[in-house]
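Okay, here's the structure, questions in a sec.
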C-alpha cells in the first residue's frame, strides 16, 4: 500500500500547494458556482426576464423605453445562446447573473434595472419551476407513447397463450395481451401522478423577492400568467423556501422507474435461454462477435440498473431539505443537479423502453411449451368441483391435489386422464370436467371483470386505447 | 475481543442446536408468517368477507342460507377480536387464514365456501388497500388540525415583528404571523397530495383472484362499492401485482415529515438560549431536575429525528418492488411492516406537532431585540433609492452598502443617521428616506401579493381560514 | 369518498377529545418513552451498573458496603427480568431509569448513588454499544455457518457442469462448485467487514458523563475493560455524540443483504420451470394444496425482499444524524429501533439462508441440458485459434463467429462439426481443435489462478475450508 | 396547462420523428455507451494494458517484440490523451475499446493481441478498482489535512471557555479546544474506515476473464503486483461479479459527509446573530453588496447540503446490485457515475472544509457571554453535594434544582449567592461550595480521562498530534 500512497501523496501535495493556499478563493468560486449546471435554465430565465420587465413597465416602475431596450437585449442574448456565442464563467456564479450582466453590457443602464422588485431567491425558484414543469409535460407524453407501444403489442397478442407466474412459478394460463395491459395500467397511473404534480406546482414564486415581498407596486398575477402559471403563490416566505415541486417530480420519477424495472426484468428473463419467450430487437440489444446467436439485453439491464439512481436523487433532495429553517439556504442549490440527472435518465429510459417494446418479437410457441410442463389448469379443476359438483372450496382443493399427484405419477397432462381414473379419486366428478382441463378453455372461462378471457382482453384493449391514446 | 466472542459463540451454539436442525420448520414458519403484523388488518378482512359473501349469494354462487351463516359467523369473530378472545398463532400464517379457519370452526361447511372465487392475492391487496385508505383519511384530518393550530398562533401574531432569515442570517423584518402561514401552505399542499393519493387508490383489486380472474360469475362492481371503492381495478394481473398505493402513501409521508422537520428545527433553534424566541410548553418538552430553568425540546427533536425513518420506509418498498416480475411475489409481504411503522410514526408526529404548536408561547421582545443587532432594513433603503431617487437597482445596492458600513462604524441603527451624513454619501437622498428606515415601516411597505405587510397578513389569514379550515 | 371520510372523522374526533386535550401529557409520555424498545438493553445495563458500582467503590466514591448492596440488588433485578417479574411502564421513560428506580426500591439509599459520576448520555451510548457489539459477533458467526453450508454444497459439486451466465445469457461452462465458492468469497469479505467494525467500536463511552467528563476521580480504563472494551474513548464530547458504530453496523448489514439477495435471486430463477436447476427443500418453501408439484420459493423471496428494509435503516440513521450539532440530541434515540429491526431481520435471513442452502438438491442434468442449447465453448474455440494457430485475438473472434453461425444453421453443436467444414472457414485450423470444443475440455482448460477447472476448484475448496472454517 | 402542453408536445414530436424511428440505433448507442464518463479511467487502463502485455510476453503468449510495440503504442496514446489529442466517440462504447482500437491503428496487428487472455469484464473491474483505490488514498490524505486544521485551531483554544450543548440547550461549560478535538476523533475513525476499505479492495480481478478464467498460462500474481495489488482475487466468478469495493467506498463517504454536515451545522449556527461565536473567513463565505456586515455561510451550507447526495449514491449502487444474478450484468455499468459524482463532491467538501476551518476566527467573548445567561455549573453543585456532603446523587439533584430556582428568582448567578441563602435550602452545605460554582473551576474539575479540564485538553492535543499528524 505504502508505495502507492506515497505516489498519491505527492500528487495531492502538488495540488495542495497550488490549489489550497494560493487559489483558495478560486477553489471556493468553483465550489459555490452553479453556472456549470444551471445554464440549462437559460431559456426559462430569459422568458422570466421578459415577463418581469413588461410588468415593471406596465406598473410604471420602469419606463416603457427601458422595457423596450430590455426586451431587445434579451432577444440578442437568446440568439447568442442559441448560436453558442454566449460566454459562461465561474466568476459570475449563476445563469441569472450571467444574463443580467450581459444585458447591462449590451444595453447599458436600463439593464441595471431589470432586478428591481425581485431577488435571486424568487427568480431561481421560478425559473427552475418552469423547467421542471416542462419536463413533467415531456414525461407525460413519453408515458403515453410507451403505452402506445404496449397497446400495439397487446393487440397482436390478445389470444397468445402464456404462463402466468406468481413467485416465478407457473400459476395459471393467461394471454400475453392481458399481461401487457397490466403495464398500460401502471403507466396510466404514472400519467395521473404526473398530472397531479403539474397541477400542484402551477403557482409562481415570482415577486416574493428575498422572502418578504416588495414595496414596489408589482403585479404578481400578471407575471405568473405570462409564464404559464395559474397564479402567484400565496405566501412569500413559502414561495422561496419551498421545493415540494422537486419532491413531487422525483417521487413520481422513482415510481415510474420501478415500473420500468419490472418490465425490464421480465424482458431479461424472457430472453434468457431458460425461457426464450422473446427475441430482442437488434437495435436495443448487443450482439457478440464470437457468439452471433447470442444477444445481451443491454437496454433492459441499463433501465433496470438506473432505478436506484432516480430513487437516490429523491432521497438526496429529501435529506437535503430535512431540518432546513426558513427561508432560503444555500443547501437548496443541490436541488438542480439531482433533478437534471434523474430526469435526463428517466427521459432516456422512457424513450428506449418505448422503442424496445415496440420492436419485440414474441415466441408464442415457447410460451405454450412451458405451460405444457406444468399443471396450470389445476385451479380450473378445483373451481369446477366447487361450481358443478357443489364441493366446498377447501375440500375441492384437496381433491384436485390428489388428481394432480396422480397425473404427475403417470406423467400425463390433466386432460389426458380418463374419467374412470378421475372417478376413482372422487365419485362426484362427471364427463363435463374435460371442458375445463384444457389451457384454452381455462382462458376462455376467466370472464370476471378484468379477467384474462380473450373476449375480455379484446374489450379491455379498446377501452385502453380510448382512455389512454385518444 | 476473543473472550466475548467465545461467550457469544457459546450462546449462539446453544440456539443453533435447538433452533436450526431440529426446529428448522418452526423457524421458517416464524420467518414466513405475517400474522404478527397483519392482524392489524382484521377489521378490513372481516368487512371484505362480509361483502364477498353477500355478493356470492346474490350471484347464486352460494346459497342465501350459507351467506346468513357466514355473516353471523363473521360477527361472532368480530366480537371475539374486540373482546380479546380471538387466538392468534404462527401456524396459521396470516390474518386471512385465521379468520377463515375460525369461521369454519364456528359455522361448519359453509365456512369452507367463503374462499370461493377469490385468492389470497386479491384478498391481501384489497384488505391492505382499505387500511391504507383509512390511514390517509386520518392523516388528511390531522393535517387540517395542525393547520388549525398554526392559523390560531398566526392570528395572535399578525403584527409581531421578527427577523426573517436566509442562510440563518437576518435578511429582512417579517411578521411571525406571516412566517407561520408559510407552514400552513406547506401542510395545505400535503393535504392535496393526500387527496390525490386517495383518489388514485380508490379502485378495488377484489375478484382478480390469483392473477387471471375467475370462472365464477362474480360481480366486482358490487363488492368494490360495498367496500367504499369507486369501482374494480381494470386488469386482474395489475390488481395483484400493484403496490403503487403504498408508494404514494409513503412518498407523501416522507414529504410531510420533511415539512415537520423544518418547523421542528426552527422550534429547537428558537428555544435555544441564542435565540430565546419561544417558550416550549411543559407538556411537550422535558425539564431537568437539576436545572429547572432549562427545557429540552424533546418533542421537536424526536419529530425531526423520525424524518429519515419514514423516508427509509419509502426507499425500502421501492427497493423491494424493483425488478419484481409480475404477478405476486412473496417479497411484497414486506410492504405492510414498512407502512405500519411509517404511518404510526407519522400520525404520532402530526398529533404531537399540533399540540406543541398550539401551546407555544412566543417572546416578541427577543425577536425584536435580535433585529436591532442588524441592519435589516438595508434592502428597504436600496428600494427607496430606486423608487424615489430613480437610481438603477445595482447602483442603489452599492450606495446602500456604503451607508450601512458608515452606520456600523458609528454603531448606530440606520434610522439614527442624520440627513447630512446620508447626503455625504449620495446627494440624491432626501428627507423622505426616514420613512423607510424603521422596521415597522419596512414591514408595512411589503404590500406585494403574498408579502409580509400586516394588512396583507391579516387578509391572508382570513383566506387561509376559509380555504383550509371550513 | 366523503362517507368514509365522515366515518374516519368521527373516529378521530373521538380520539381527539380524549387523547389530545385531556391526555396530552400521556400522549407525549408515550411518544417520548423509549422503554418499549430499549428494554432489550436490560442485561447490558445491568452489567454496566455492576462495573460502574465496583469502580466507584474501588475509587472510594461509594463505600464497599454500598457497592455490596448495589451488586446484590442488581442480581435480584436480573432474576426478576429473567423470570418475567419485572414491571415496565412508560412513566419511567427508559430501561436505565427502570433499573435505577427498582434498585432504590430494593436496597434503599445506596441505590440513589449508582448514578454518581455518570449521566444518561454516556450510559445509553455504552449499553447500546455493548448490544451492537454482541450482535456483530453473532453475525460473524452466522456468516461462518453460511459459508459452511456453501462449502459443503460446493464440495459435492466440484465437477458438476453448469452454464455460467453474463447478462442472464449463457457465456461459458463453469462448475457449480466454482459458482458457489464465489459466494463464499462474498461472505468472507462480509466477515472481515464485521471484524473491522468490531475493532473500531471497541472503546467505551462510559465516564464521559453528560459531555464534559466528571469531577469525580473515576477510573474509565477499569470500567471499559470490565465491560469487554479495549479502553475508554478519547474525547468525552465525541463519546456521547458519536453513533459511528451504528453506521458501521448498518452499512455492513446492507451489504450482506445485497449478497443474500443475489443468491436468493439465483435460487428463485433456478427453481423456476424455465431453469429447473434446483429443488428447494420442503422446509424452506411453500407447497400448494392444489398443485402439489409446485413449490414457491418463499424463503428466498422474503430474504430478497428484506434488502431494502436493511438499507432503509442505514439511510434512516444517516438522515437522522445529518446536521446534528454536538453533543447529544434527542433525535439520536431513533438509532435503536432502526438497529433492532435491521439486525433482527439480518440474523433471521442469515439463519434461514444457511438452512435453505444446506438442504438444496441440485439437478445437474437440467444444467447440462441448458448448456446444450447454446454454443458455450465458442470462446474456447477463439482462444484455440489464438493459442495454437497464432491468429490475433480480434481476428480469431470473427472466425469463431462464422463457425458458430455455420453450426447453428446446420443445427449442430460445435464438436459435431467436421474438420473439412472448419477448414472451409479457415485454413489454419487443424485436428487438435476437437480437444477444445467439448464442454468438459473447456472446463478443464480454465487453469488460470481462480479459474473454473475442476482441479483448481478442488484446490480452492481446500483453501476455503482452511481459511474460513477452521 | 393545455397551452404549454401543446408547446411541449410539438417540441417532443419533432424530436420523436427524428430521434426515435430513424435514429433509434444512435439513441441506443448513446444510452449504452459509457465513454462519456469512463474516459476518466484512461490512465488506469493504460497501466493495466502495460502490465498485461508484459506478462503475456513473459509467459510467451505474445512475443517480446509484440510487447515492445504495444508498450510503445501505449506510451503514444498516453501522450495523446495528456495533450488533448485523443479522439473520443460514442461509436466505440468505452475507454477500453478506445485504447485498444487506437493501439491497433498505431501499431498494427500486435494491437489486436492485447486482449488475449482477458475479457472486458475483468478489465473494467480492475481499472475501476485501481481508480477507486487512488481516490480512497486521496481521501485519507485529505482527512489528515482536515484533522491538521482542527488540531491547529484546538491548540489556540485549549483554555477558551464555551457553552457545551445538549439538545441545543446549554448543559455545561467546556473548552472550545475540547469540542474541536471531538471532530478530530470522528475524522480519525473515518481514516481508519478508509484504510480498512483499502485493505479489503487490494486484490486484483485481472485474469478472471469473462467469468471462468482462461486457458492461457497467464500469471495473475505478477499482473496484480505490478498494478499495486497484494495479489489476485481467489475466485474468477466473484472477481467479475463483485462491486463490494464501491459499496465500501460509498458507505464511508456517506459517513464522512455526515461528520462534515455536523461541523457545518455548528458553523452555520455559530455564525448566526443569535450566537456570534465565530467569524467566517471571507474566502469561504459570501458577502452582500447591500449589507456589508453580513456574511452568508455558503461553504458550510453547501457541504451540509451535499450529504444526501453522497448517501444517495450509496443507496443507488445498493439498489442496483440488489438481486443481480452472477456474473456480470450491464446494470453494473451504473457503478461508475455514482462513484465519480460522490467522490468529486466528497473531495471538494474535504478541501473546502479544511480551508474554512483553518481560517475561522472565534469570538471567545460571545461564547462566555452566552454561558452567563444560564446556570451551567448546576451539575457541579450537585456533584459537590454528593462528593463533599455525602448526599445521594438523586437527592443532590433535587436540592440543586431548588438553589437554581432561588438564584433565578433573585436574578443572580450561582456564585453570587450567599452562604446563608444556600444554608437556608440545605444545612449540609459549607463554604467550600464556592470553589465549584465558577465556570473556570467547573472546567478545571473535569479531570476524568477524556474530560474537558484544560490540563487534559492540552494532553489530548499532544496525543492527537502524535497519533494523527505524524
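Just so it is clear, A, B, C and D label the chains in written order, and each chain counts residues from 1 on its own.
Rule of thumb we're sticking to: contacts are C-beta pairs under 8 Å (C-beta built on N, C-alpha and C of every residue); 3 or more make two chains touch, one makes a residue touch a chain.
Model, not experiment: these values are computed from the prediction.
Enquirer: If chain B and chain C share one sequence, what is the angle of the rotation that overlays their CA atoms, in steps of 5 degrees?
Expert: Angle of the fitting rotation, chain B to chain C: 180 degrees.
Enquirer: Which chain pair shares more contacting C-beta pairs: A-D, or A-C?
Expert: A-D
Enquirer: If you average the CA atoms of chain A and of chain C, how far apart do the two points sit, in angstrom?
Expert: Centres of chain A and chain C (C-alpha means) sit 31 Å apart.
Enquirer: Nearest whole angstrom, what separates the Cα centre of chain A from the Cα centre of chain B?
Expert: 24
Enquirer: Provide the list of chain B residues touching at least two other chains, using ranges where the numbers run on.
Expert: 165-168, 269, 296-298, 301, 304, 307-308, 311, 315, 318-319, 322-323, 329-330, 379
Enquirer: Residues of chain C touching chain B in their complex?
Expert: It is residues 1, 3-5, 8-9, 11-12, 16, 19-20, 24-25, 27-28, 31-32, 133-134, 137-138, 140-142, 145, 198-199, 202, 228, 283-284, 286, 296-299, 301-302, 304-309, 311-313, 315-320, 322, 329-334, 337-338, 341, 348, 351-352, 354-355 of chain C that touch chain B.
Enquirer: Could you please specify the touching residues of chain C with respect to chain D in the complex?
Expert: Per the touch definition, chain C meets chain D at residues 61, 104, 109, 112-117, 121, 164-168, 171-174, 178-179, 181-186, 189, 192-193, 196, 200, 207-218, 220-221, 232-242, 244, 247-248, 251, 254-255, 258, 261-262, 264-266, 269, 304, 307-308, 311, 315, 318-319, 321-330, 379-380, 383, 386-387, 392-395, 436, 443, 445-453, 456, 460, 463-464.
Enquirer: Looking at the complex, which residues from chain A come into contact with chain C?
Expert: Counting only chain A, the residues touching chain C are 163, 165-170, 268-269, 271-275, 288-298, 301, 315, 318-319, 322-323, 370, 373-375, 378-379, 382, 397-398, 400-401, 404-405, 408.
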